[in-house]
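Quick heads-up: structures coming right below.
There are two complexes below, and they share chain A, which is joined by chain B in the first and by chain C in the second.
After this line comes the complex of A and B, so read on.
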C-alpha cells in the first residue's frame, strides 16, 4: 500500500506519512468488513480467548506457567483496578473491565507485532465503541443504584455547594458526565495510538528513503532505523499505559456512579 | 504540495469520523470477547483464587489446631510428671515408715526371745539344782548309812529304818552345827 504511494510519488522526493496511511483498503475485494483493522480486531478476540481459556482451564491451586501468566493479568485488573477503586461491589464489573483491558491491550500491541504492525485503536471507531459501552455501563449502574431522579439531580446539583454556583456548575457537570467523559476516553486512546503509529512510520519509512539516497544519506539511515527501534519500545510502554488508563478511568466512573455523592 | 496530495486522496478524510463497518465489528467483537471471558475465564480464575485462599486458610487452621494439641499434650505431660513425683515422694515416705516399723517389731521380737531364753535357762538351772540336791541328798544319805553301818556294824537294810536313821543323822548334823 505504502509502496504504491512511493511508486506514485517517485521523483517527487520523500512523502511523509499522513492520515492516508491509516486508510487501508479491504483485503478481500470490495468488502468493507475485510480491512486490516477489522481482521486484526477479530484476530485479537481469537488470540485473547484462546490464551485465557488455556490459562484458566485447569485453575489449579498451584498454577502452571501459563496459568500464572494469565492470572497475573487477571488479578491486576481484578485487584488493582476493580477492587481498589470500586470497593465491595467490584466483582460485578470485573468481567467487563477485564475484557476492556485485554481487548485494548492486545489491539494496541498488535501495533508493534511484526507482520501485523497496525494498532486497530488508531481507527477512531473502535475507541468510540468502547467509550459508548463504558458510557452506558456507568450511567446504567448509577441509575440502577440511586434511581434516575436522584442520579441526575446529584449530577446537576452537586450537594454541598452554594446555590449561586449552580449557574456555573450545572452546565459544567452535565457536560462532564455526558460529553467530556466519553469523548476524552475515546480520543485519548485513539490519539495516542494514531500518533505513535505515525511516529514509527516517519522513522522507518524515512530510514528506508534515506537508504535509497546518495551515499551520505545511506550512512544516516541506520540512525533513523535505530530511532525507530527505540521508539518501538517507547510505543510498547504507551500501548500498555493507554490500555490501563482506559480501564482505570472506566473503573473510576463506575465507582463514582455507585457512590452516594459525587 | 504534500497537502494537495493529501486532499487529492479520496480517503484522506477526517480521522475522527468513524466507519460504520468498524463500529459494528468493534461492538460485536468486544461483546463476543466479553461473553467468552465472563463465562469461561473469570469463573475459572475465581475458582482458583477461592481454592488458594481455602488452602492457605485451611493450612493456618491446621497449624493452629496442631499447636493447641501440642500445648495440651505438654500440659498433660507436666501434670503427669508432677503427679509421678508426688507419688514417688509419698512412696519413699511410706517405705521409710514401714522400715522403721519393721525394725521396731524385730527389736521387740528379739527382746522377747532373749527374755524367753533367759527364763528357760533359769528354769532349767533351777530344775537341775533341785535334781542335784535330791540326788545329792540320796547319795549323801547312802554314803552316810554305809559309813555308819560299817562303823556300827549294824545292817540297816530296812528302808524305813534307813531313812529314819538318815534323818536322825542329818538332824544331828544340823543340830550339832
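After this line comes the complex of A and C, so read on.
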C-alpha cells in the first residue's frame, strides 16, 4: 500500500509532453524568425547544397563513395518516382521532385539527429507551403497542357456516366482535386512528424523521469529508454517513407494532370 | 504493394473523404437551416455511396 502511494507521488511530478513542446522560443533575442524549426530549415538547405556539390564535383566514371550516394538518391527520384509515373515528359519535373524529396527527407531526419532533434515538418505551416507548391505545379501543368476548359471538364465530368450522376459526382471531383488533395498531402506529413516526435518525447522524457524516482522506478527506466531507441529506428523509417510518399503523390498528381483523361 | 497501387490507395482515400465532407456538409447545412436532425446522416451515407461509386468508375471498370 505504501509503495503504491509512493508510486502515485512519483507520478504526480511528471509533466507529460504536449503541444507546448513544439512551440520553441526564439534562439536569438526575441526575433520570432529565429526559432529552431526555421533555423533547421535553413541548415537543411545548406546541408543539402554542400552534400550534392561535394557529390557531383569531380564526377568520375568510377564513382567515389560520396558520388555514389548522391547518384543513388538522384536516380531513385529520377527513375523510380518521376520516369515510371510521369512518362516521356518526366525530365521537366525532376528538379522539382528532387528538391522536394531531399528537402523533406533532410528536415525529417533532423528529427532524430542528436542535438538537432526536431522535425520542422511537425509545424503544420511548412507542409502547407510545400503542398501549395505542388498544388500550383500540377494545376498549372494541366492547364498549360490541355487548356483551362478541357482540364476542368476532364476533372468534373467523367465519361460514361449517366447525366444525373454528375449532380452527385462533380462536387466530389472538384472537392478532391482542389481541397482534399493539398490538404491530405500536407496533413499526412505534418501528422506523422508531429506524432513521431511526441512519441519519442514520451519515452525519453518518461525514462528520464523514472530514473529520478524510487529504486523500483529506476529499474523500469532502462526499458523506457530501450523503447525510445527502438522507436527512433522506427521513426527513421517513417521519416524516409513520408518524404517518399509526398514526392510520389506529387509525381502522380502531375501525371494525372498531363494525361488526356485520368 | 506497387507504386501505382499506393497512389490508387491514397486517391481512394481522398475520394471517400471528399464524399463524406461534401455531402455530409450539405446535409449538416440543411439540418441547420430546417432545424432537423436526419439530413446529416443521410448526407454522410449519400456521400459515402457516391464516393464508392466514383472509386468503382475510376478503378474498377477496366
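Convention: the second predicted complex is superposed on the first by the 250 of 262 C-alpha atoms of A that agree within 3 Å, B and C clash if a C-alpha of one lies under 4 Å from a C-alpha of the other, contacts with A are read in each partner's own complex, and residues count from 1 in each chain.
As a convention for this text, a residue touches a chain if its C-beta (ideal position, glycine included) is under 8 Å from a C-beta of that chain, and two chains touch if they have at least 3 such contacts.
Owing to the predicted nature of the structure, the values given are computational and were not obtained by experimental measurement.
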| item | value |
| --- | --- |
| Room on chain A for both chain B and chain C (clash or fit) | fit |
| Superposition-derived angle with apex at the Cα centre of chain A and sides reaching chain B and chain C, degrees in steps of 10 | 110 |
| First, second, both or neither for A:172, with chain B first and chain C second | second |
| Residues of chain A touched, compared between chain B and chain C (which is higher) | B |
| Which of chain B and chain C A:126 touches, first, second, both or neither | first |
| Touched partner set for A:103, first chain B, second chain C, both or neither | first |
| Partner chain in contact with A:67 - chain B first, chain C second, else both or neither | first |
| Partner chain(s) touched by A:206 [first = chain B, second = chain C, both, neither] | neither |
| Which of chain B and chain C A:85 touches, first, second, both or neither | second |
| First (chain B), second (chain C), both or neither touched by A:52 | first |
| Superposition-derived minimum Cα distance between chain C and chain B (Å) | 18 |
| Sites on chain A touched by chain C in the complex | 80, 84-85, 158, 160-161, 165, 168-169, 171-173, 175-176, 179-181, 184, 245, 248-249, 252 |
| In the complex, chain A residues that touch chain B | 9, 12, 15-16, 18-20, 22-23, 32-33, 35, 37-38, 41-42, 44-45, 48-49, 52-53, 55-57, 59-61, 63, 67, 70-71, 74-75, 78, 94-96, 98-99, 102-103, 123-126, 128-130, 133, 187, 190, 194 |
| For the chain C and chain A complex, residues of the former touching the latter | 3-4, 6-7, 10-11, 13-15, 17-19, 21-23, 46-47, 50-51, 53-54, 57-58, 61 |
| Interfacial residue positions of chain B with respect to chain A in the complex | 1-2, 5-6, 9, 11-13, 15-23, 25-27, 29-30, 32-34, 36-38, 40-42, 44-45, 47-49, 51-52, 55 |
